[in-house]
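Order of writing sets the labels: A, B, C and D. Residues in every chain begin at 1.
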């Protein structure tokens, strides 16, 4: 993925709840961090998942994740989660997400974890694949076009 | 509560996910342990909460918890959760729960955490109080009577 | 506690990770929310717990929590956590914390959960009680005095 | 991987804590399930990670995970986690893990999630790669040889 693909950025902080007895962020918790960033990316486009569920009966479920851990994060670390759209189909989308340790100014300095995440749009009741609503498609496409 | 009140016991193990950077079980996770034991107590009476929700539209929600932490638990520790019924009303129940560290034979040796938990039966959709179904009341009462 | 006791406020958002199959925030997760707010309160006073551990070998552990659940929170809800200092001893402190649902302007509108939390300062290695460092005592006292 | 590779099996139950507002197990929690099974696999070989850390100053950290979600699990579901050793080096190992929904007799009936997990042995203090201790290598090799 070329460096000039548009990125959404979301800051977060490492709390006690995120760490384990090894003194570092527990490996499963990066999936929480990445999910928060996807949710905030959609919210930044005016798309709340609770409304998508209530109004259209649709939810996004993750189908495939590839995680590569590069360095550990610790209590009180300030992180930046980046999200880039990699693929966008009728019923699914794929994003690449990076978790960075940031410096005191909030600039990313050390890569912690990289993930490729594919999520599908499904009917909440049946969990069967469903087309992403047109309005949502438009907003995401416009964002990607920058 | 007298020592001869009937107790339900549930064993569990401390995993990496349960610990924090202090090297001990994160304080919120005892609420997960206590909930597992309440769920297994009901299951031992033939009462599955997923069926209660699907068939009667009812769920139990916790209204009040008092937690007293006595000693820390660590990775790989084997715990025993004890549950005793303290109060049983038409739409709610109160239990006292203890988390014990156990020895190699599974016998409780060190008290880790004690909780008093009051849970109410509510309609899943509205979250309004509802009477505990008669069959459930009967099974719980019989269990308490020993 | 009188309404004019100084309050620290911390905003947060409800994500998928916070909810359970009942469609509401899982009861244990309020303890995570309250811990985040305590951590950010200390950080606002220039006190990072990771430094306290690294430099003085001290951590705070929760000894007692009383939680009262008033109303449920749901996915995408915006919350405000409030913290007020209730008691402040040589080796421990007690705070009262409230989780509020906020409106679109961030103002608290519905009380979700109230907690009284007592935490003690302990040596990280032995978990034995320890005096709160003088500099920390000073900063907390000044904050409380307004 | 051929079907006759030796498998370790670990049963577990889906609790409220594992689910999200979509009514299904939250996607990050399969990483917890898989980690519990890896820990119990090592324990079944007489290898406790807390002892490895205390005695040799070594921990295993996950370097790479590929997760493929096939079907959702729900509250009260009984699962079986399977683990097979795929690759075993001087300082790392790779396992394939499957989460299955089981029937009333505990037999796997529906594949829920599949993961390929690579974990490296590192020094706990520095997180630098370290050789897996000889005794551990022997026990794992013997197990794999069946």
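Please note the rule applied: a contact is a pair of C-beta atoms (placed from the backbone, for glycine too) under 8 Å apart; a residue touches a chain by one contact, two chains touch by 3 or more.
Just so you know, these numbers come straight off a predicted model, no measurement behind them.
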{"item": "Comparison of B-D and A-B (more C-beta pairs in contact)", "value": "B-D"}
{"item": "Chain at maximum distance from chain A, centres defined as averaged CA atoms", "value": "B"}
{"item": "Computed distance of Cα centres, chain C from chain B, in Å", "value": "25"}
{"item": "Centre distance in Å when chain A and chain B are each reduced to the mean of their C-alpha atoms", "value": "34"}
{"item": "Whole-Å gap separating chain B and chain D, where each centre is the average of the chain's CA atoms", "value": "27"}
{"item": "Junction residues of chain D - those touching two or more other chains", "value": "16-17, 22, 24, 28, 32, 35, 53, 74-75"}
{"item": "Interface residues, chain C side, partner chain B - complex", "value": "22-24, 27-29, 31-32, 35, 53, 59, 61-69, 72, 124, 127"}
{"item": "Contacting residues of chain B [partner chain D, same complex]", "value": "13, 15-17, 32, 35-36, 39-40, 43, 48-51, 53, 74-76"}
{"item": "Chain A-facing residues of chain B, complex", "value": "16-17, 19-24, 26, 28, 74-75"}
